[in-house]
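Paired with chain B in one complex and with chain C in the other, chain A is shared by the two complexes that follow.
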Partner chain A sequence: MKNRTFFWFILPSLVAMVLFIALPIGSVFIQSLYIEHGAVLKEVKSCGPFGCKDEVQIDVAATSQLKEEKPLGKFNGFGTYTNRNHLAVSELKAAWNDSANWSIYFSKVYNLPFYRALAFTLTYTFIVTPLVLLLGFFIALGVNSLPKKLKGPTIFVSLLPMIVTPLIGSLILFWMIDSKGILGASLQWLLDDPNLSLKASPALTWIMLIIYGVWHSAPFAFIVFYAGLQTVPSETIEAAMIDGASRWERTRYVVLPHLVPLIVFISLIQLMDNFRVFEPIVGFSAQASATSLSWIIYNDLAGGEGTFFGSAGATSVLTILGVAVLLIPVLIRTWNDFSRKVV
Partner chain B sequence: MSELIHRRSKSFTLIIWVFVFFWIVAAGFPFLWTMWGSFKVQGDFFSKADWGYAISGLRTQIETGSSFTGDGYHGAWITKSFWKAALNTMVVVISVVIISLTLGTLGGYALARSGKKYAFYLLMLALVFRAMPHITLVSGYLLPFFEWNLWGYLPTAIIVMVAINQPFTLWMLHSFFLNIPKDLDESAMVDGCTRFQAFRRVIVPVMWPGVITTGLFSFLLAYNDFTVTATLLNNSNQTMVPKIASFLGTTQVEGNVMFAVAAVVSATAPLFILVMFFQRQIVSGLTAGAVKG
Partner chain C sequence: MFLKKVMVAGAFIMLGNTAMAGCGISSGNVNVLSNDFPAIQAVTAGASTCAGDGVTVKTNLTKDHKDIMVAALTANPAEYTSVITSNSTLVTLMNDGLVRSLDDLVAKHGGGLNPSQMVTVDGKIMAVAFMANAQHLFSRSDILEKAGVSSIPATYEDVLAAAKAIKSAGLMDYPVALNTKAGWNLGEEFVNMYMGTGGDFFKPGTAEVAVNNAHGVATLNMLKSLVAYSHPDFMTFDSNATQAEWEAGNLALATMWGSRGGAVMDGEGSSEAVESSTVLSSAPTWGGKSRPASTLWWDGISISANISDEDAEATFVALMHGISPEVIAANNAAAVWLGKGYTPSKASAGVSATAAGGAAPYPMLPFMGTLHSALGSEISDFLQGSESAEQALSDVEAAYTAAATEKGFLK
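Up next, the complex of A and B:
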């Protein structure tokens, strides 16, 4: 295709992506360097029946004028990055000096909002992703051995957790595990603990969110693996059977190697999607025990305590750096594949 | 010997069947349960005494006189004007699907036919864009949108969602166009068509299966979006998902959780129908990127 034709074909979608994906990445960085204006103060003489005194008041007009003139706020450099709500450099140092051992140090670090969110985000990403692969693989093996008539309905039901809106899916589970809901009440009865509440304990909340994540994403892995299973060459399997390979050996040495590219694909998509975990925290109202990077950005923007563009920008930049670290291995791999093809 | 293998495989089959059965229950039961419960009163759905009441509807019978009640739906759709949110969702979703597909088919076609190195760079760039958490992008829009008075309106959210979904749409359509033989449009160009004419006359008629599949995923992305719609729309333009989220803040205090339950079931119903009719396309779409790439 000629370069010019290519340009015109790709232009609309390129413009959309540059305007609404590339530019915002730049603009969050600029935003993160600024901080909200403080209120403009003025000294007023207020005189009453018992004489005059100087009072400091907020100059409403001047404050709003300043906001109008410089909506970004005042320049703060990397101040927002290093403050307590983000990288908390000085707090880390202080905690290091005060702590007698590692566990005290970690519990102190965990109390800082950014590291708290980072801890949950990473835990979620790196626990959910392998579990999704595992569960999806076994469901695919199972469905593959079902009689033909049952396959369609099974796939239909299996798709539901993935297709449903994440917020709605998490709400549905949340209501069931409520201490008055069916699962919560059953657990109380099973464990004989009438005060058991999944919402009250941080550990249980984390487990709940992870279970939700696996429930939500397993269908995706299942479908991809299931399609992959259809393309496993039957001659190889038959040959392995003649050689006396057991069912397990056939799965391990024939089927699994065939699925390796799919495992890479699913892991890539899952890492990207799980790293931005956000809706389940809203749906489960879990913010007291678990926050994610996306959630703290959302909270800065629409949390109800006002909008903090500088703070949201700084967290966004840090999150984007995190995504970059996650993606680099994949990009290098794809790059090498491509170069090999070209050369 | 052969008997032994036979017997072992039988028990193995049993294990697999039990496993699949458990998965089906885990995947399907929550929806069934919530749908059933949405026709009950709160005292049954969140039963203090015995969750069995949620099945029989004892309190529902006492409070309303029959075992099923539409109170939750009435409250959500009429009292809390969920219908308006549903209407907004329809506008947003249809616009996003149409615009995404128009931009995406043009771009995806170009990427599939270019063969130049920069096409590959663009695809890699799209992959990087695909990985960006949406909320980080949103935090870049908010301030400019406030400043230029663009915040709160449906068109703004639509354009933003189209752009955010573009990387995914491009990748998917690109892989579909790769499957359409090159000879088709090239022979049309030999016959004197320009590239665009070849695209319109020859490629457009045969591209629909791929476009429909991609459209389904655009639909899902727009329909399920919470991040963009919750942050970029004002209260009167809210779509269904942020509306449900706002129910959680207000109605739980008023003791009207059932409104939220009814709204959740209402919002899930279209997705059920979608999967029922387009199961094959969804499955093929999920695997399009994987099996070939």
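Up next, the complex of A and C:
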């Protein structure tokens, strides 16, 4: 294609990408560099149904003038990024100087909200992603070897966890694993521990969220792998059978190499998806034991009292950076594959 | 505009003139944003009867009202002409100058109001309160009796002793519940308990937090002693969960919202045994102090700043209609009403006793919400036993300081 033709061909998607991806990210980044103007406070008498009290209030007239002159707020540079609720640079330094050994240091770092969220986010991503790949692959193999009549219904049932909206799915499971719910009570009976509660300890909550994640995402990997299995050339399989390859050997040396591009594709999507884990934390009311980067952004915008646009912006930018770092190995691999094909 | 008038006129003709319910307004748009619970539903339904010839009344009752109110009222003209506010949300709106003074409207249309309903800041009426709410103690008299506890606990030390008696009598393993879901609910429990110490949340006249002290440590320890008698899932208990547990008969002592009293005693969702033995009493005191460990809340009417005076007047009149003595009398059990027409009932005994005991209102400070959020997320580690009270409080202080700096409250 000529460069000129290519330019006109790509222009509409380029415009859309700038409008809907680049500009919003740019505006989020700019917002993250600002904090609100210093509020002018004054003490006034306020009264209500329960009596009067002298209380500090914001002097709206004085503050609104500042706001009108500079609606974005006060420029703070990377101050929001480095403060205690985000990267906590000075707290990390202090913890380093005060800690006698690594375990004390790590417990201090884990006490900071950003790193706590990062710890869960990374653990979740790196446990759920491989499990989803593995489980999806084996379900696909299993379904593929079913008799034709059973395939349709089995595929439909296997896809159900993905069809359920994440928030609804996690809420349903939340009630089922309640100590009086069907799963929770069964577990108590099975393990003979009447006080067992999956919601009570951080470790059990993490395990529960990870199992939920695998349950929810495995159908995606399954359906992609299943589609891939339909394209495995039957000649190669037959040749391998004639050579005396066992079922395992055929899977390992014929099917798997054929599916490598799909494995890369699913890993890419799953790494991105799992890194922004959010709904199950809300659904399972798990924020006391597990938080994620996306949950922090939500909490800054809608969870508590008041909104923190600068904080939410900073965490968003850090999340984007995190996704970029995670995807680098997969992207390098794709690039190498691509270059090899061209040559 | 023309189309709207045609539609309103059409609706009016179809209603056959019944909508002129004597509100005395001839034109204007009323659009109310509020939280969603039975008492507020009664108020907005009362206001909606004013719809008719030239007057439109729309309502949006949602639990997420806090998240949309600032953006909706910042627009000019504002999307909503009124937000049903409380102690904490009124401050958020006032911080940005989004609600107007009601002095003129009250003088003109507020003749039937009690003086105590006026919420004034710096001499100006900013809201008209219509109901009160507070968390207080719910007890099961039958269980207490079986455990050999002779009276309803008046202090949290008594609550602990009663819980111990119930547990050791083998009546219940987890007799106590508080709304301890991490986040806003947990923050509210700390605020309530800390109120009982008489301590200040901030250094007077400043936005510097002052909970990292002996009062704070004692507060955390008391909360921890209480949740020791709560089900291990306590970190997920919000007010819907505790109400359900109470109605199921799984609890004997709980600190719950007064507005749940009517729901517990409504003859639905619970057994006769639970309902007849439920006693609502004042929030307990503790630590030898006399102030009940609770915060008093009001819900009230505010009017947006960025709307025309005509709409403001129509909205105020319609909402006055929504909190009229007739509406209050018809919905007597739905809330502890502050206006005329209210007869105290069994369901409101707890809130009245808490207020009479001298409980303090939830502080109307611009930075209280920021502290509340910090408390809700930082003290859960302590209650789960993974850090010390001192560490939890210094975390609260650090989280608050960073957030308040971003909000411009601290330099």
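Here are a few things to note about the model shown:
Everything below uses one rule, namely that the second predicted complex is superposed on the first by the 277 of 343 C-alpha atoms of A that agree within 3 Å, B and C clash if a C-alpha of one lies under 4 Å from a C-alpha of the other, contacts with A are read in each partner's own complex, and residues count from 1 in each chain.
Basically, a residue touches a chain if its C-beta (ideal position, glycine included) is under 8 Å from a C-beta of that chain, and two chains touch if they have at least 3 such contacts.
If you're wondering where the values come from, they're calculated on a predicted model, not measured in any experiment.
In the superposition on chain A, contact of A:L41 is made with chain C only, not with chain B. Of the two partner chains placed by superposition, only chain C is touched by A:N83; chain B is not. Counting residues of chain A touched by each partner, chain B versus chain C, the larger count belongs to B.
In the superposed model, A:T307 lies in contact with both chain B and chain C.
Legend: residue contacts after superposition of the two complexes on their common chain; A:V60 is shown touching chain C, with no touch to chain B. Using the contact criterion defined above for the overlaid structures, shared-chain residue A:T319 touches chain B, although it does not reach chain C. In the superposition on chain A, A:P202 makes contact with chain C only, not with chain B.
After overlaying the two complexes on the shared chain, residue contacts for A:D178 are found with chain B and with chain C alike. Looking at the shared chain after the overlay, A:S285 reaches both chain B and chain C.
In the superposition on chain A, A:T123 contacts neither chain B nor chain C. Touched by chain B in one complex and by chain C in the other are residues 178, 285, 301-302, 307 of chain A.
Interface residues of chain B, counted against chain A in their complex, comprise 9, 12-13, 16-17, 19-20, 23-24, 26-28, 30-31, 33-34, 37, 45-48, 50-51, 54, 102-104, 106-107, 109-111, 113-117, 119-120, 122, 124, 126-144, 146-147, 159-160, 162-164, 166-167, 169-170, 195-196, 199, 220, 223-224, 226-227, 230-231, 241, 244-245, 248, 257, 260-261, 264, 267-268, 271-272, 274-276, 279, 282-283, 286-287, 289-291, 293.
Partner chain B is touched in their complex by these residues of chain A: 1-3, 5-6, 9-10, 12-14, 16-17, 19-28, 31, 71-72, 135, 138-139, 141-143, 145-146, 152, 154-161, 163-168, 171-173, 175-176, 178, 180-182, 185-186, 215, 219-220, 223-224, 227-228, 231, 247, 261-262, 265-266, 272, 275-276, 278-279, 282, 285, 293-294, 297-298, 300-302, 307, 309, 312-313, 316, 319-320, 323, 326-327, 330-331, 334-335, 338, 342.
Listing the residues of chain A that touch chain C in their complex gives 35-39, 41, 43-51, 53, 55-58, 60-61, 64, 73-74, 76, 80, 83-85, 91, 111, 113, 178-179, 195, 197, 199-202, 285, 287-289, 299, 301-308, 310-311. By the touch criterion given at the top, residues 64, 66-67, 70, 87-88, 91-92, 94-97, 116-123, 129, 132, 173, 181-184, 202, 205-207, 231-233, 235-236, 238, 296, 298, 338, 355, 359-361, 363-366, 368-370, 372-373, 376-377, 380-381, 384, 386-387, 391, 395, 398-399, 401-403, 405-409, 411 of chain C touch chain A in their complex.
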